[in-house]
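Next come the structures, one after another.
Paired with chain B in one complex and with chain C in the other, chain A is shared by the two complexes that follow.
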Partner chain A sequence: MAISTEKLSGILQNFVTSTNDVQGAAVVTPDGLPLATSLPGAMDEERVSAMSAAMLSLGERIGNELARGTIDRIYVEGNQGYGVLTSCGEDAVFLVLANQSAKQGLLMLEIKRALTELKLVLM
Partner chain B sequence: MALEPHAFMNKMSTRIGFTAEDRALLQANAEWGLKVAPEMADHFYAYLGRDAEMSSILNASEGRTHRLRETFVQWFHEMFTGMDEWGNAYADRRWRIGLVHVQIGIGPQHVVPAMATVVQEVGKRRQADGMPDAVQESLGRICMIDLAFIEQAYVEVSSAAVLKETGWTEGLFKRLIATGAHAM
Partner chain C sequence: MEIMRLVVTGPVGAGKSTFIRSVSEIEVVDTDRRATDETLMLKKRTTVAFDFGRLQFGPEMALHLYGTPGQSRFDFMWDILIRKAHAYILLVAAHRPHEFRSARRILGFMKQRSQIPMIIGLTHTDCPGAWDAENIAIALGYLDANRCPPIITVNPNQSASVAEAVIALVQHSMQGCLV
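Our next item is the complex of A and B:
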């Protein structure tokens, strides 16, 4: 069955607009191609997609090398907010950007819910 | 991202225009090629040896220069004989030579000008020996193909190492290069 980009975009839009302190999100392929994005205007969709796939893959390699088991997520924390990368099955990577006010527990829970929805569309 | 030497050889022969006439001319002058090969090896390694960095690489182990010089003579002669009509064995050996260059650290920045020196010296020797201009043109074409193997080996080995260490796909790697280059 073909992947519905409309549905993917709908889930992302809904996630970004309805989750507190989330500024953007993207679903990209392991090759770094965007499947659906809802990113802040100044961000380059192509670069963000490539970097997201690169970071998750590299994180998984590092996790393996350092014997950390299966990697659940890559977490980037800066003084202006967070970037969270999660594997979305074998064929996609889910990126979420949140500001520094985001409550981490809530954010992780919302990401988990969004992932369940995204995986259904990507199956 | 591993290069397929046979396909690469065919592609470069077509691209550079290395023709049946070139092959016939080189084979007809293979003896001359063997005769001048040691002299060309002298020029090649004299050029590299003048560079401090290269000199330390060439002399990093006992007998390395001697072995490399012998390989050069063989390599130079093979450009004339074509080994198996410039077929798979020729391509495999060129790829192997490229890999050895990467392993010991002789990069394109050193090989390309050193090779240019050899081509220039071949020209002088050809004139002195009264050989036709066409020999040098044919040799120049096969030399470009061989250089392409050496340069490509650097790219292939570097890329393969990055992919192995990062787990990135080839597509992702190319995309990162494209987006990165675009941002420069």
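Our next item is the complex of A and C:
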């Protein structure tokens, strides 16, 4: 069955608007092409997608090479907020951008929920 | 021990990852992912961050080889890698003239950020429809042969050929000529 980009976009938009402190989200292919995005206006989706793919692949490689096991998520924390990357099945990578006031536990839980939804559409 | 950082760049499918794999003494750190774009016409997997290989070059020098992704959406990786490099080689598949434009774009990108020595390595020169070096130089914007960087032929699958290319690059950068 074809992947419904409308459904993907719907899930992302819903996730971004309904989750506190989340500023943007994207689902991209492991080789760095956008599948669906809901990003802050100034961000270019092609660039964000390529960066997500590069970061996850490098993170996974580090996990492997430095014996950290299977990677659950890659986490970038800056003074303006968070960028969290999770693998979303074999064919997709999920990126979430949140501001600095996000509660980490809640954010992870919300990401987990969104992942379940996204995986259903991507299957 | 001196470390020299060399960057291997070029369009998709020029042979960058193969180049590094052929000559690295350590197991190459690669970041290959399944391709889903037009890259698929050439190969199944593509580099999304960088390749890293290492080569001992005499008792006093180690070469660190970094391979870039080919697609321009990864140009942030080009930027990261070129800023720390001492020299670079631009690989161009001689039989795919439609990619010369992308090679030229990479060249422009690198030149804007860095004046380090570079050479051009032609791959796939044994394939039907391969252009010769002079014409490729012109296609890459080197209209004056005297101002053109050294152009060599390299087969990324053969480690001897890759070693020659690496030596040519190191020699060129030692001469310190900024072509």
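To be clear about the criterion, the second predicted complex is superposed on the first by the 123 of 123 C-alpha atoms of A that agree within 3 Å, B and C clash if a C-alpha of one lies under 4 Å from a C-alpha of the other, contacts with A are read in each partner's own complex, and residues count from 1 in each chain.
Operating definition for what follows: a residue touches a chain if its C-beta (ideal position, glycine included) is under 8 Å from a C-beta of that chain, and two chains touch if they have at least 3 such contacts.
Since the model is a prediction, treat every value here as computed from it, not as a measurement.
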(request) With everything superposed onto chain A, say whether chain B and chain C fit together or clash. (result) clash
(request) Considering only touches as defined above, state whether A:23 meets chain B (first), chain C (second), both or neither. (result) neither
(request) Look at A:32 in the shared chain and tell me whether it touches chain B only, chain C only, both, or neither; answer first, second, both or neither. (result) both
(request) Answer with first, second, both or neither: which of chain B and chain C does A:86 touch in the superposed model? (result) neither
(request) Using the superposition described at the top, list the residues of chain A that contact chain B and also contact chain C. (result) 30-33, 46-47, 50-51, 53-54, 57-58, 61
(request) Write out the stretch or stretches of chain B touching chain A in their complex. (result) 165-169, 171-172, 175-176, 179, 183
(request) Provide the residue numbers of chain A that touch chain C in the complex, in ascending order. (result) 29-33, 46-47, 49-51, 53-55, 57-58, 61, 65
(message) Touching residues of chain A toward chain B in the complex: what are they?
(response) 30-33, 44, 46-47, 50-51, 53-54, 57-58, 60-61
(request) Quick one: which bits of chain C touch chain A in the complex? Just the residue numbers, please. (result) 29-37, 39, 46, 48-49, 69, 71, 73-74, 76-77
